[in-house]
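Every chain is named by a letter (A, B, C and D) in the order it is written, and numbering of its residues begins at 1.
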Amino acid sequence: MVEYRDQNAPPGGPYRWGMVIDLDRCTGCEACVVACHAENNIRISGEEEASKGRAVNWIRIERYWEGEYPNAQVKFMPVLCQHCGSAPCEPVCPVYASYHTPDGLNAQVYNRCVGVRYCGNNCPYTVRYFNWFEPHWDEPLNEQLNPDVTVRSVGVMEKCTFCVQRIRGAQQTAQKEGRRVKDGEVTPACVQSCPTEALVFGDRNDPNSRVSRLSKDDRGFGLLEELGTEPSITYLKRIK
Amino acid sequence: MDLKRRDFLKVLGATAAGSLLPGCAGETKKLIPYLLPDEEIVPGVANWYASVCRECEAGCGILVRVMEGRARKVEGNPTHPVNRGKLCARGQASLQGLYNPDRLQGPLQREGARGEGRFKPISWEDGMSRWVSELEKHPGGAVLISRPVPGTLARLFSTFIKEISGRLLFYHPSAERALAAANHRSFGIDLLPEYDLANTTYLLSFGAPFLSDWLSPVHYGFAYGRMRQGRPTVRGRFIQVEPRLSLTAASADRWVPIRPGTEGLLAVGIGQVILQEGRARLAKGDRGRFEKFYSAFSLDQIAAETEVPREGIIRLARGFSEAAAPLAIGGGSAAAQTNGTNTLMAINALNLLVGNLGAPGGIRFLQPVEGFHSAQAHPVSEQALLDLRGFFKKQKRSVLMLYQSNPLYALPSSTRFREVFEDAAFVVSFNSFMDESTALADLILPDHFFLESWGDFLNEGIVPTAGLAQPVVIPRYDTRPVGDLFLSVAKRIGGRMEERLPWIDFRTMLREQWKTFLARRERDKSFEAAWVERLQQGGWWGPEGRLVSVSRRALPDAVEPARFEGDPKEYPFYLSLFESMGLHGGEGANRPWLQELPDPMTSVVWGSWVEINPKTAREYGIQEREIVRVISPYGEIEASVIYFPGNRPDLISIPLGQGHTAYGRYAKGRGVNPLTLLAPMIDPLSGTLATGATRVRIERTGRRGRPVLVDQTGEGTRRHPEGKKGET
Amino acid sequence: MEARKDFFLKKQKRAGEKEHWNLIQKTNDDLLSPMFETGRSYYVVVAVLSLLVLAAAGAWTYQIKTGIGQSGLHPPIFWGVYIASFVFWVGVSHSGTFISGVLRISKAEWRRPITRIAELMTLFSIMVAALFIFVHLGRVWRFYYLIPYPNQRQIWPNFRSPLMWDAAAIFTYATSSLIYLYLPLIPDFALMRERVTGWRRPLYRVLALGWRGTQTEWRWLGMAMRIITILIVMVMISVHSIVGFDFAVSLVPGWHSTIIPPYFVVGAIHSGMATVVMGLYFVRKIYRLDGYIRLEHFDKMGKLMLLITLLWSYFYFVERQVVWYGKIPDEMTVLDSILYGPYAPQHWAMIAFNSVIPLIALSIPRFRRWPLGLMIVGILINIAMYIERILIIVPSLGHPRLPYAWGRYFPSWVELTILVGSFSFFLLLYVLAIKFVPMIAIWEEKEGILHGRYEER
Amino acid sequence: MADTKSAKRIIFGLFEPQTPLRPILDRLQEMKFSEESIEISSATPILAQPVGVGWKRFRLVHVTIIAGAIGIFFGVLLAGGTALLYPIRTGGKPIVSPSIVGIISYEMMMLFAIVTTFITAVVKVLRSHRVAAEYDPRIDEGFVGISVLSDRGDPRGGPVQDLFQEAGAVEVEVQ
């Protein structure tokens, strides 16, 4: 079958961006959630829309209760787009709005999307969010919007991009200097803000990156990996 | 030629760009003003400015990304010792304070009766004159309630207030006064310590919500991550003792649901077991004193009182004392009782028993940054605020000034703090938003938002740190920095006041302050060079400071039971109020990001709720999401019920932060303020409000509420997907 | 040539018999009469339906102007009433093809008064179904992104998406249905060309293709019909299989099942048959065509429906049984919610309407000869099949694998208006068609008189 | 159409349904009219095999099969070929996968076969009109028409008209 070439492949082969989420560190503080909102121009849904289940959190902290009082326990799990190697959302898109980049990102091309929303159904992680209406910010909240990130218009699907704008920036800098992006040089907003350093981001094709080393941990598992989605995010189990 | 070539080219560029947009007149308005003589604004290129976050009292270092003259993103300052490049949800959301649509845009003067809420814009000149004349009319009667502003502004305030013989109260609801009081009594030190979580191997926390809103959440969050997974072979254990399974307890290895108000007793019980089993690491001279103190208690009685079984206490004691680096901390619900200070002292005694003071993984009191002239801003407790009532009654006509503080919202209505506003001759607010207290002001002279102002911040504990804040954007509205206002008034008053506060504006004063400070630290550099460097770095922080030696190792005076308002027969439930993750005490309520931030435990957004243990709720026949009435002897509220398996069956818990009657479109009229339930119960040792000391009952309303949950069904959340791997 | 002539003459002799001759004339008159007799109630019906269609058009316009958020959809339920309606109407469209196609292939004589009614349903329902694709799109103004044609936007549709298979199948099916409706209409157009005056006449003149009724024409027509009938049955099976693929090839618990495509085909035929019975009843009742749509037709339809009901029940049982016995947790949450959970009332109503009631009723010979009863069963089946579409979509989507993301769904007023509008639109098209084409194929009926109805064979 | 071709003419006889047509056809055969020049119009297909133009050499099903084959080819090009020209990776699926190409090709095969069959039949119907007279509405009521095509100067014209009259034609017409 046809392999497609990446014109801008870095020295030493392509990147494969990935993340490690250490559930033993995650405290559910949700700093990542707001950092993501700020970085990615995520719309404010408002109470009415949120009550319809339309609040957008590209990264959300799922909370699971276990047991009853007095043995009740809570587990947190940050869930964001897993950037699956074999993503169920991608092939079902009739217009290639959802596709796989050479560096392992599960990309969403907003201006291609016509809004059939099949990808949203077929994502086992339910991390795709839809723009039900034209997004709105009360003036002057819109002055905060990040110029590097598109404001998604009505009728298109959106989701976590691993802060692709930052990745591309770092890649271009590295390319200009004729080198690979260094480990830790680029971090998505969520990883950057995480107080407990539960989130780690990096290149899985670099065996020495923190992500590669951490993902070999015994505690590692992929969320719903039994579905064969080959997620790019490795979770490290919480120790209890 | 007057027109410089460079400017001419810019004009040309703008014209050219403008001509490319013929059809969209609306767009051209947004064209970046190339004509602005600001060399720093280059379209498409981000500038980063270091500053200090002022969203809570922690004072994290931040870097603000500014593009086209607008602040786009706030990130942690990686070199700052408090937060090391990390930042919490509230810090991230500070941008929504800066660009909040409900910010006060200029000076306002009251119209109609006080509290009617009608204001009309006035000029700064008039506003200032009004303020000064009121100050002059009421000599010796001025009171300034300010949030704690450790740094140059604190010096300015205190000098100013002293000169007019007024009163200055630094107040913030989450200032942890009980902890300061307890540490003062236990160790004889008037400082907040640093708890070395990162190196702890066994953390025993009595209600301290250090992962959400206690002292410096980002700092302790970072340390927590290290404690758990930062060391190659050691993973610190963490036990949380509190009646409600809080966000912090969710991360604990074990949650001990103790009876409210008996945390001190449990600490005593643990201490007794440690002593009896001979694992105490006490100085020789202390042993007798400690044994005498602990032997007065019966472990069985403690078990009965605390509802923690005897074996459990012994287990905790062994785990704690056998650990290489144990640490006991207390706060939050444990401190929110009438015996809070004594409870915290009993917890401090545990640390004394294992001798972890100054040790790695223990409690360390570090010398704060030195060399600033009288820049401390010790916060006061609620009691001090309540004492104002008498002062205003006695003093009759005096002037009340508010700076970034909203006591009317933060204090329960039962404290009748409103009387202060009613008795004041004149109320001036420098707040940036029309909050509950500002709505009662006669004159509003809004300050710049902190991202628009100069400032500094002296962090207590940790390494000696002085954060330096600079304006990252051009002030958006017709506001003025509060420092400038005070300095200009000083000039008008003249005389000794002007002598003491001679600076032309606050920035000059700040530079002067730092000039003296830096002169001692960086002798090899010129001040200008050092100043620019500090601005770039976001402040000054030195190497690890000196440990302050502990002068006292005191035991609690008494471990008396907590007092509760309300007859247990009529009011069968304890009440626990907690700060919600995003809104904290309510300051975050006007930031839509924080309103829409799901509460981590219940996933509720945009509203209030009442947490009840599901078993209790079923006994009362209360459906999930049904609206219940929570009634205390002092008030009642109605909110939707969320089943909360992490509540003791005899506990009702309600988040703080909502129920604003003002404070902008996102906050006003949303949810309920549970503070209205509270009795005016005070912990006498620290003077703090005991928020857990009111008992309540619940009544069904039969109405179904519409709480907004991100976890839409709330049903499936008991099955953790990790379990699917067959691991345990 | 001799033998051929003999055969011809035998037939011709029959036609010449007085009784038959009269019958032929009467058939012409009877079957054309609905096109000419227009009562006041007809206009009332058209007006009411038009209003409902206009309301739906208004709702859709509103939705396009403001956003698809006017629906009740939200994560994780990204598909709702619109897709359920799409599937439903594609299902109904199987009426024509199945009845008329399969019966034509099997040369069943009793098909004659039914085929036209059914074929019209096919065309109209596939039109309504296709409309729902557009109603469903988040950015319908960009629908042309889905069409493969060379362009400068660097966009090409992704044929790996089941939705593109859908598009291909629906396009093929709609085209074929139109052809399949049109072919047997040509002789009737010729007949009407001679008998209709006014605005319709030039239209019929064009549509009749200059038909003269020669044996050469009849032969080409017959040959094309025979070939296309076989092909369209094959298309029909593929169409609903592909609609089934939309669900079956996904990873969604409750959708990911091999039986879905064939089950969809059977379900489609189920609802299609039910709709045809309803159509037969009303056409017969309103235009008093008792002599053409006779009790024997209802009896035969009833038997066929009984067969399909059995088949549907079997497929349904297999689908649920496999999931239930397999007990995969994700699948079970969906199944539990349907069998005992929030969707149980709808589900058990669906079982009663779709399976139990039809099985009992249609097994009784006397019931099958009671047109009103059959029509009621048809309505029940259609209600049930619509519920069934919803039950396939909503509970499955509402219970994704991570329970934190579970959700419920109820359609908004916009969705309901458009839903009602779609039924009205279908009926409106049908009611208008009554004035434009004979509800019963006149020439086929006449052919029946000559060699079917009175043939001893 | 027939009447525009000045060199040809059609003699058309309309008969009541009960008229025995066999003798007429026999007589026409005796007059050496070829099968291709005789056409019978009726309201329903009443002949097992028609008398008429061009039906011997042409089998419609061949057209269907060829069109279907072209449809398959088109489908392969559409689903497979364009994907090769526009290779975008999605979800670990191959750029060209046989089953998907199969589905699209199947639909295209059907589309081409059905449309082509239809168009061919329509063209054939239109072309057959050379031999038959204009439609007479009475045919719908069961009357049967016989059209005979011959050259204008053909001497058999008169006898054919006589034959129709004799056989009891309701109407005889020359176009």
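Here is the rule we go by: contacts are C-beta pairs under 8 Å (C-beta built on N, C-alpha and C of every residue); 3 or more make two chains touch, one makes a residue touch a chain.
Remember, it's a predicted structure, so these values are computed and weren't measured experimentally.
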Distance-to-centre winner among chains (Cα means, whole assembly as reference): A
Which of A-B and B-C has more C-beta contact pairs: A-B
Between chain D and chain A, distance of the C-alpha-averaged centres to the nearest whole Å: 63
Centre distance in Å when chain A and chain B are each reduced to the mean of their C-alpha atoms: 31
Distance between chain centroids, defined by C-alpha means - chain C, chain D (Å): 30
Numbers and ranges of chain C residues touching at least 2 other chains: 156, 158, 160, 164, 401-405, 407
Contacts with two or more other chains, residues of chain A listed in rising order: 53, 60, 62-64, 88, 91-93, 96, 223-224
Multi-partner residues of chain D (at least 2 other chains): 88, 90, 93
Interchain contacts, given as pairs of chains that touch: A-B, A-C, A-D, B-C, C-D
Interfacial residue positions of chain A with respect to chain D in the complex: 1-4, 84-93, 96, 98-100, 230
In the complex, chain A residues that touch chain C: 49, 52-54, 60, 62-64, 79, 88, 91-96, 112-118, 120-122, 124-126, 128-134, 154-157, 223-224, 227
Residues of chain D touching chain A in the complex: 84, 87-96
Interfacial residue positions of chain C with respect to chain A in the complex: 66-69, 72-76, 78-79, 136-140, 142-143, 145-146, 155-158, 160-164, 167, 246, 249-252, 397, 400-405, 407
List of chain B residues in touch with chain A within their complex: 44, 67-68, 70-76, 83, 85-93, 95-96, 98-101, 211-212, 217-218, 221-222, 224-226, 228-229, 235, 245, 247-251, 253, 255, 257, 476, 581-582, 592-598, 600-603, 605-607, 613-615, 645-649, 665, 670, 706, 708, 710-712, 717-722, 724-725, 727
